[in-house]
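As structure tokens, here come the structures.
Two complexes follow with chain A in common, the first pairing it with chain B and the second with chain C.
Let's look at the complex of A and B:
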């Protein structure tokens, strides 16, 4: 099944991530290049718990597949994806 | 306010670190270390010329968060000493803004400028459009003589290539009353005799060079004292977080507040009182009345346009009424208004019922510092439910609508006009209305200093569009405002 191969992108909507800039990721969905749109699945996640492990300064966090990236921006998510899809 | 930029996030990090410092047993040292903790040795230098400048700016940002003025700083007082002063002071300072001088770029002055896109065309409409003879041709290209240019932008409008641009100083351009300008030292300076504390410069400066002087340390001290501390949560709060107002209020309780009141409750009283005021004014033959709840607008009338004074409703603000209710219910309590607004800080300093003001950003930082996850908090139940109209005060049009509903039994001739955002042009227009030199386009004028309403305030966490949507959705759940003026016994001032 094709849908199972989709890369899951989870944007943390926890309080810390939100205060530290998660709302900047709001437009992420629309900024994914068309050729990748079918390959990813984006959704919001209540709290990934990373703020307690890695510190609030690294928020906002986004999980891409199995990897979590800190200080996430639309650019850093797209960069990560371009590495995966290369 | 604009969506979260780097300057906003830097500011938030400084606030979180200082709150954590306050709660630790080494506040002074944590304050001293802040610039070095945020930019440690060999750290990346993301924004400025060198790590030392970044640290110097962070130090000044911290001074503002500790509630002091950067203008009075001598560059050598350790942050720890500022931290100690914030612990020792009995009341916050009387000015609410400060210029983070080292962060200020000292932008080139506002001017009209011919860019390299100028094609040196034959028609040269720019030269003929200029009524002041400021545009001439040098080396085959248009050049503007700054000493003659009046900034009318006519040349810009006629250039077929769009080659002429207006270079703006963002803070000066944002200020509706010309209260901020570059001084002889090369950085912005605020003229507090004119400043409305509207926060437009705070929101617009892309270097984050205008900061609010925070009262967060004073609030933390109150939370640690034996006194009851009551949070008054402004209507715009409903749109600030991924969760709703009930959970935000619970978060505040977790942070140490003893009770939370919705300022929308006070807004209901404002609406009813204002509707009555409006009816009386119309009956006595006034041509119009303006609303009174926007603190920056009140400052405008006080400082720059006294002609408007007779037309401003005498009604007190939602913040004032809610604080009065809080003090009545919890005698001796400390009241903390939690809102989106810089000007409310100023109003809070002048209003005896308000002890402190905290903006949404500081509230968010408090949650971060204390690791309070709002989605895990319960729904707080407000003792007095607020109305749909009271909840909508934070969005442009909401106040006028609430007066219409509250006064539905009174005046039939209700013609609302919204002044959606203060700027020099609209201030000139309103002055003409007051002087009876221009026709007023309505009889009830709602004034919002921020375009879009309070949800656009400089102290917001969420972007305006998303926040307005959530506020409206929350308002829809409220009951309709009933038009009985039941709160006549509350004092107006």
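Let's look at the complex of A and C:
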């Protein structure tokens, strides 16, 4: 099923996430398969505030829709998206 | 007298060496005392030119600056220096002449001049004349000081120069008696009429440039120096970095931040979120990375939003290295705002983010408080800014 609303992907650019590798997620935009590009909206966020409450999860954090993923990499974000778009 | 109004004493100087010399024979020195809302500036002209004059002028100006700061009574300090300066054994004339201005932000200025051309006081772009009190040296009959106590208003300027300015062109075919004070006044008044917001630095540069054009072949026959002081509206900047210790007071501090006059900067993602939440405004971030730092973000009513400790640390680096061109990253933009401001207030939130001390982090993050303190030292000592730290 195709949703009209774009899925919001927010990459945390807080200090902890940045040093833990959020800067590498910049490549996400170019690595997203063409068929998904119109369905998502990617942007950075000053801080998602997750490092202080995420429990066992680790920075960098990315929010996909309402879901938070920790230790995010381009691959883990794409994997999550494939779950959503399957 | 200026009351209940914020004022900043700006200073701008320009100098030209005597043709053929490799050192300035005039010396300009100034020091700011932020806690006393005071600035002391000295212009000294050493006898002769080149290295010898430079040493004499430097010594005179440095002594005056130190004495004036230590002694509340400027006239006594200047008198001490006037009596202490030796006489050249060859020419039997004074070693150096000087002008010293002790300025307070309430507009009170004490001026003492010995030997230098009389200063210009510019009010609404026009020169205002002042009566002086003369104090003769007890030791040297040919020396006397002119002393003045002025009460300036906001936007008033004071212009000091060495005799290289007023005597420029002397003996030439066009200016037999030199440019003289009258010529200088005409020039300064017409420049301020066409550009009332002319900066101190620019005005000083233009006076020196104009004096040089009066000289035959544009070759300075004497050292030419100009120093301009301007009592103007301060340019303020407030930097909000770190969330307040007591989150119940977030709204109060955000209100304080937004009411602050001047430019506004937020350094820190969590801090930006606190401000956005309290004001119900949206933060927009387009790019991820700019240079080696997270890119800046935007919010209505705030001039710059950056990440916290990494950007602040980088900004300290830029302030230390003082690059000719600031890099186009968030720290470079922050330093640019610092350099354009006279008064900088830091609102430093005391809440510590435990995640910054996670041993898994690939680098050690410094405490925000320590970075800001280093920044404060650099801004006050190296860049002569007025800095206020508020830990909240």
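Throughout what follows, the second predicted complex is superposed on the first by the 79 of 86 C-alpha atoms of A that agree within 3 Å, B and C clash if a C-alpha of one lies under 4 Å from a C-alpha of the other, contacts with A are read in each partner's own complex, and residues count from 1 in each chain.
By our rule, a residue touches a chain if its C-beta (ideal position, glycine included) is under 8 Å from a C-beta of that chain, and two chains touch if they have at least 3 such contacts.
All values derive from a computational prediction rather than experimental measurement.
On the superposed chain A, the positions of chain B and chain C overlap enough to count as a clash.
Of the two partner chains placed by superposition, A:31 touches none, neither chain B nor chain C. Legend: residue contacts after superposition of the two complexes on their common chain; A:43 is shown touching chain C, with no touch to chain B. Of the two partner chains, neither chain B nor chain C is touched by A:82.
Of the two partner chains placed by the overlay, chain B and chain C both lie in contact with A:20.
Of the two partner chains, chain C is the only one that A:11 touches; chain B does not reach it.
Look at A:58: by the touch rule set out above, it reaches chain C but stays clear of chain B.
Where the contact sets of chain A with chain B and with chain C meet, they give residues 13-16, 18-20, 23, 26, 44, 46-47, 51-52, 59.
Within the complex formed with chain A, the residues of chain C that make contact are 268-270, 272-273, 283-289, 293-295, 297, 305, 307-310, 353-356, 358, 360-363, 365.
Those residues of chain B whose C-beta lies close enough to touch chain A in the complex are 3-4, 9, 12-13, 16, 241-242, 251, 361, 364-365, 367-369, 371-376, 461-463, 466.
Across the complex, chain C is touched by residues 11-16, 18-20, 22-23, 25-26, 43-47, 49, 51-52, 58-59 of chain A. Interface residues of chain A facing chain B in the complex, by the touch rule stated above, are 13-16, 18-21, 23-24, 26, 44, 46-47, 51-52, 56-57, 59.
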